[in-house]
């Protein structure tokens, strides 16, 4: 298979970027999208150019490092996969492919397709945890958790922190990311004591990072490689209302 | 090189308890006067940082990733062992200990393994308290599954994402400390060397992967939790970024490298689909609980699975090992698969795999149950291969996966370089010559949450409290060396890419120091590797500059280190003139084709001392004593 | 009030307040529509109803008291809704300063993309509507107090009537997505009721649409005359 790639190249956060066009030749349909980029990069290196910078690590869809806008869709057209799990069989021979970095003010471009997603980490800093000291807990089976609750918490906990939700959202909102963590912890009995402070702190940090607000578009859910549902955003909204009610009433 | 394992005296069961009491403590007010550097944010690094930060030490953590949530621990699928005996099926700390020692083919330290089994209980408690959503039964209790190499159900799991959930638990605990100000997190910083002051580890030198700035960081102790070196094979199930640089750089500064030849080949990875393959993807070993492994009886049988009748299928693991069958240990399963493929029984378009078939399980339990257990693994398989495992059997083949070898550490997890602690996969300590499934997560977290935070106080209590100054000449020297080496990589400006060299190295290692090794092959490898290394330094092309975000440069540094390290690995494989666990020398097999140990001559840890570039490393030995288990020939028949 | 202002401090809270103010307007629209439909009962009835609104609650409430209280509530909701919309959309614009060269529309709700521009259109319409039917500046032959005559006269021009119909398209679409996402926004979304949400929102939007356009249509077709 052969493809024409239009790849966003940008040397640094402060430098303007632009598209470069590359031809990808003799691509196997079994190649992953990143393997196709590897091949392009090998060619660029041989020709004395700098290869396209993109983030990747596990290449099995769990680390959340990779991610790029492929023909206007985060992680490409397949759905329910990270870019590393997208295979060239999802494209047609001769396709033109536009490749762009995640675009959000909160995700400055570091180079080419690599962006800084530190803002997501700082949302976790604001309260995305359960405060428990190492060594102090009770026996694990002393706490009974309904299977349904554990399963739902796990649905939310699957988030890989790739940022596709932000990339897809017309408002560049990270509400799905935030909601996934708020819901994961808020659904479990262990997470109850901090439930309402957590949601307020995390949403406040979310806003401070410069992410947009959620307008119930639903693009995030469509783009999420783990299929995390916007129902978790509803859950977050509810918790936030309760939270402001409680804290402002004090 | 002094190798004192410092194993506490006394009965096995009391060693850790007694040792914890005997160790010196740092009083709470003084803890914040001690700086601790932790490199790596996988399970071991993140959990150690979180715990030490909470204890009050001044912790600085470094990771080359963009976030502390990306380390490859995240990819562990199947589960984590703990001797909770929640199933009442006869499990106990001693049984987990015994299984681990036996699984490691009697090449691990009893005391370390026993401590690991003890701490396994605390890990589960800790993880649950943090909100790790382990699988539950309908009654609300924790669910368990069984795993390769064990006859009890002791594996806790969170769907097929146990590593992810445990890592996120540790990451969140770490982030809590970052928010509290006890831990300073440096992302996108790669450690490129360690700094020794008067023979003790006192800092590291890092390169900022965005700005390219090389700088040093000082502390009273350095903790390395930088993972394993499977990527020496180029194709492995490890993440692309996994590398040996941190541990190899430490080895060059005098830390002993123990048992580098113990590399585990995982039996259930998806076979490569072509030349361009950049990495291999593992399918959790838990699949072997319900899947049956088979190949066509007839070599070269080109029919699809459905067309091959039952009596023409060879369920070879069940045939060879009636009691363990498809759950036989990893090394055995891997080797048998290779044997089958080599003998022409391989399946798939490239004839490079064996079948893992769920048909019987689906018939017996129904697809909903199978989907509940393995749904996401099946999806993952389908995404990669385009085949549906509910309909056609999966194809699997062994792949390099985990490295039992690592930096030598004593019972306190401190290397022979005082002040340098090594945790998780980066050390050598607990798995012997072969690691059992669902034990890596256990070890990483035991080291990070419980062992290192306790033992480091014993060390720090004897260290002067005044801050370590970066003004010491050692820091400037190492910084300069690091910068010079980086520049050297850029200056070669040859004609071949870094990956081309890495692929070539991987091929040598896989063929000559892979699943099966022999003297002749290893000697060839020892000739080829230095040649390849010399060519690398003459012909490699690293585009760009050192002052920018330069991924080629990052890779080049790592491959350069693999090219040095690979040699030690081959030396070790050659010197260990026996077969044991994952180290299989074709000269040493039993009549049944199993690994044949030589306990008389090789019941030791092989520790390699670096002697300089181009010099052969020197072998030291730490003898292993077995007082609580009887050395037996491993038999899974 | 403290709680309301606390809510307004977060993006999610703003969204909740928008949902509440929007819902107040939905309530207003239902009342307004019911009032409008009284036109079908004849000029006398309709004028009486319009007059009644002004003197509602007398003598307990001063003349125009009820109407102004009501107007004030609706006005506050309206202004609040607009300000919040302005703030949140500005935030969203700031959140993505560089646009994609290519972006597919990933969404489960087409109407969501229409909320902002539709909202602006509605704002313009409301101003027009007030100047047209309430204060009369834009009405060719406005007579204070003659509600029925004003209504029929004002809508007898096909252009103006068409404008009202178009405005109702915007209002209904806005309402449809607004009502649908209301449950999501205030956190009442639950998988169990998911299936019912969309039909309910569609039904409400349709009722409002047809209820309102029935008047201009009736005027144009001669069903409602002087």
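For reference, chains read A, B and C in written order, and residue numbers begin at 1 within each chain.
By our rule, contacts are C-beta pairs under 8 Å (C-beta built on N, C-alpha and C of every residue); 3 or more make two chains touch, one makes a residue touch a chain.
Note that the structure is a prediction, hence the values are computed from the model and not measured.
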**Chain at the geometric heart of the assembly (C-alpha centres)** = A
**Farthest chain relative to chain B (centres taken as mean CA coordinates)** = C
**Asked** Cα centroid separation between chain A and chain C, in whole Å?
**Response** 37
**Item:** CA centroid of chain A to CA centroid of chain B, Å
**Value:** 27
**Item:** chain B-chain C separation of Cα centroids, rounded to whole Å
**Value:** 63
**Complete:** In the complex, the residues of chain A that touch chain C are 6, 8, 19, 69, 71-73, 98, 100, 103-106, 168, 170-173, 175, 200, 203-204, 206-207, 210-219, 221-223, 230-231, 233-241, 244-245, 247-249
**Prompt:** Which bits of chain C are touching chain A when the two form their complex?
**Reply:** 2-3, 5-7, 9-16, 88, 91-109, 112-113, 115, 177, 180-181, 183-191
**Message:** Going by the contact rule set out above, which residues of chain B touch chain A in the complex?
**Reply:** 47, 50-51, 54, 65-72, 74-75, 84, 86, 122, 124-131, 133-142, 158-159, 161, 163-165, 168, 171-173, 175-176, 178-179, 187, 210, 239-241, 273-274, 276-279, 281-282, 379-380, 383-384, 386, 449-450, 453, 495, 497, 499-500, 541, 543-544, 548-552
**Complete:** As the complex stands, chain A meets chain B at residues 11-12, 28, 30-32, 34-35, 38-39, 42, 44-46, 48-51, 53, 55-65, 78, 80-81, 85, 87, 89, 110-111, 114, 116-118, 120-121, 124-141, 143-147, 150-151, 153-154, 157-158, 160-161, 184-185, 188, 190-191
